[in-house]
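In the two complexes below, chain A is the common chain; its partner is chain B in one and chain C in the other.
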Partner chain A sequence: MATQYEIPVGAQHISLLEPLHFKFITENEKIVDTTANVFYVHRGIEKACCSKFKFRQVSFVVGRVCGLCSISHTTAYSQVAEKLIKIEIPLRAKHLRMLVIELDRIHSHLLCLSHVAENSGFEALFMKTMQYREAFMELLEAICGNRIQYDFSIVGGVARDLKPEVGQMIMERLKKFKPQLDELVDIYQNNWSLSLKNKGAGAITKKDAMRLNVVGPFARAAGLAIDVRNETEDLLPWKEVGFEIVTGTAGDVYARNMVRLGEINVSMRIIENIIKGLPESALITETKAFPDGEAVVRIEAPRGELFYYAKGNKTQILERLKIKAPTFSNISAMVEGFKGNEYGSVPAIIASYDPCLSCTAR
Partner chain B sequence: MKRIETSIENLKTDISNFYNQEKHHFVVMNAVDLGEKIEVQWFFCDYEPPCAITAFCTQIQPTNEIPSIRDLISSAWVAEAELVDLMDIKIENTSKGFVLEPDFESGPLRKKK
Partner chain C sequence: MKTFFKALGNLFKKPVTIKYPFEKTYIPDDYRGVIEFDENLCIWCRRCEMACPPGAIVFSQDMEGKQTYHYNKAVCIFCKECVRNCPKEGAIFQTGIPARFALKEDNINNGWNILYDEALKSRDAYAAEKKRLAAKKAAAAKTVVEK
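Moving on, here comes the complex of A and B:
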């Protein structure tokens, strides 16, 4: 047996953006085992939501679960609360929620892609991808008033309307971004040194993705066609606005890059369709009902399936709120995906998992 | 959401009879403090549209130990470890300290007496 080395990575490490700790057992450069600690900062948000805040205020609290996908959290919570108080939101509010969710997905995927490039040693591509992402941060600020943690979805609908000039601005930015996206696809797909580092790295098979209940682009890159937008039309009409699922086959870092780039393309089409056909209606359904019974909601956040469970008892304070973030589902696969890889691939593999510990340890 | 009531004794058999990894996706475990009892829930979702959600539910005493399902669903250990820390329940072969530090107040999501 070769000499084994134990190499810790994190909780503070140059290739990690989040408080995440891995311990790698390697035989020379080859990883033979991994353990992970993902819960450094438990923030007690579920407890706060069921004790300190009224159910209408909770959408503003869960918007702070994550800076990157706060619209997914506020929308999922709003939907589960709307089920408990038994209301249907206006059609315009549904379309505006989808619009912001897709803009958020684009900026989140670009962030992930940029970090994969950076962790693969391609600093210039990191800069370029982040530069393109900036345009979407500005659009989100123009719509929601915040670059991150947008309190856009609220119980009953949305907090703001889309101004015509902002709609026009989005269409212009998308037009400008299309050739930029083609350029990114070309680089991520064909750049020899990047492909060399990303192809075959951190691969999991479709069978493993099913066995480990993987979600999001991580699962889709392995060929597992799981996307909440593809499944249900009862809360948000995704197919009506042009949603199509994007999958890969190889399940490696390269395939994850390609799936995310493909999803950015689909998101752009959805955004264009929403703006072109934005229905006229109120923005919010008013009610004085209190939450009663239990309900669950699933929504496709940028990293995958986000699950909310809520239980009400006809008072202002919820009896229970449970949040299951996508990264929570992917922890087992994250650990297994390292096995058999070279230790030098670890930074790029971690970035391609796109872990969000802020959501996981909410 | 389809609720299936089960018991500690029948839990593993019921989930084993239901779960097919090519058809169902294990979502998460949850627990709700009902006061005297705790309701523990195991959520599954179909892969095929309309992707129905099924919840296996059982009510336990806080002192009961419930069986682990990680031999049926290997990724379930994360959800089990989280519930042990946050709800202060006992799950077979699952120790405390994954989500919370060992000196953290036990079961922060339990109702205070």
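Moving on, here comes the complex of A and C:
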């Protein structure tokens, strides 16, 4: 047996975006075992939501759980609160929610892709991807009035309407982005130096993915066709606007890149369909009811299935709010994916998991 | 190799970044900016204060019953919830002006917390005073009736 070395990575490390601690046990550069600690940024948001804030204010609080999937959190909370106060939201609000979720998915996936490129040592591609991402940040700013904390979904509907000129701006930007996306697909698919770090790295089999309960692009890259947008139809009409599932087979970093690029393509189609067929109706359903009973909601955030549970007791303040973020489901598989890889490919693998720890630790 | 030549070609292209302090960045015309308040239109129902998620609005009250509006730009999250909850249109509204960052001299956290508590206390004091006056008036009326 060769000598084993323990290499700690994190909680602050140059290749990490967020506080996350890995301890790798290596044998001659090969990783044989890993342990992970992800709960560095606990902020007590769930407790705050059940004690300090009224249930209508909570949708703004949970928007601050995560910067990248802010809209997924607000929408999931709004839906769970709407279930508790038993109202149906207008059709236009549903479509606008889907529009912002998809734009958010594009910018989140581009961020993840750019970090994979950067951590694989391809800085020029990182800058290129970030440059294309900027267009979507501006679109989100034009729709929601803010770049990151959208506060777009509120209990009962959406906060702002989509102006016709903003809709036109989105269509123009998407038209401009299409050749840029083709260029990105070409580079991520065919670039030789990127393939050295990406192909075969961090691979996880379909069987393992199913056993370890993986969600999101991570699972879809391994060939597991799970997507909440494919499974639920009651709250947001995903299939109506042209949703299609994208899956890979290999389950490595390369497959994850391809799944993310494919999903950007699907998201663009969904956005176009939504803007072309945006129904006319009110934006908010007004009600003075108080939350009562229990409800759960699942929604597909950029990183996978986001789960919300809420319990009300006929007062302004909720009795319990539980958030299960997608990264939480993926931790066990994240640890599994490192086994048998070279230590040098670790940064790229971590980036390709797209871990969101402020979501996980809340 | 293709990527390499493309990267070389980028040397001769215009930069995509914006030289921020000298050039203007993109700000949409309905940007979520600072909240403004119109004292003449307000009906003093305090619904904006009740709705505000971070507690950036508070009303203080003096002994004559006159209310004063306090607003903290640094605490505000510009969610427009106060405007949506306002029953009187135009009394409180959102401008497109981005908020200036707060400096240490502004004493934003500590100063605001003290102001917030004092405002709540001033309202309690006014309510207690009103109650006392009402009780006094009722007692006086009672004595008048007895006589």
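As a working rule, the second predicted complex is superposed on the first by the 362 of 362 C-alpha atoms of A that agree within 3 Å, B and C clash if a C-alpha of one lies under 4 Å from a C-alpha of the other, contacts with A are read in each partner's own complex, and residues count from 1 in each chain.
Everything below uses one rule, namely that a contact is a pair of C-beta atoms (placed from the backbone, for glycine too) under 8 Å apart; a residue touches a chain by one contact, two chains touch by 3 or more.
The model shown is predicted, which means the values in this text are computed figures rather than measured ones.
**Q** After the alignment on chain A, I want to confirm one thing: do chain B and chain C clash, or do they fit together?
**A** fit
**Q** Identify the partner contact of A:39: answer first if only chain B is touched, second if only chain C is, both if each is, neither if none is.
**A** A:39 contacts chain B only, not chain C.
**Q** Should A:305 be classified as contacting the first partner (chain B), the second (chain C), both, or neither?
**A** After superposition on chain A, A:305 lies in contact with chain B alone.
**Q** Which partner does A:203 reach: the first (chain B), the second (chain C), both, or neither?
**A** Neither: A:203 stays clear of chain B and chain C.
**Q** After superposing on the shared chain, does chain C or chain B touch more chain A residues?
**A** Between chain B and chain C, the winner on chain A residue contacts is B.
**Q** Let me test your reading of the model: by the given contact rule, A:236 touches which partner, first (chain B), second (chain C), both or neither?
**A** neither
**Q** Chain B and chain C, closest CA-CA distance after overlay, in Å?
**A** 21
**Q** Taking the complex as given, what residues does chain C use to touch chain A?
**A** 3, 7, 10, 16, 26-28, 30-32, 51-54, 77-81, 84
**Q** Okay, in this complex, where on chain A does chain B touch?
**A** 39, 42, 44, 46-47, 50, 210-213, 215, 225-226, 228, 230-232, 294-296, 298, 305, 307, 309, 311, 319-320, 322, 324, 328-329, 331-333, 361
**Q** Within the complex, which stretch of chain B touches chain A?
**A** The contact residues of chain B facing chain A are 1, 21-22, 25-28, 30, 32-33, 41, 43, 45, 47, 49-51, 53, 55, 73-75, 77-79, 82, 86, 98-100, 104, 108-109.
**Q** Residue numbers of chain A touching chain C in their complex, please.
**A** 53, 56-57, 60-61, 124-125, 131, 134, 138, 141-142, 144-146, 149, 151, 154, 159-160, 163, 166, 187, 191
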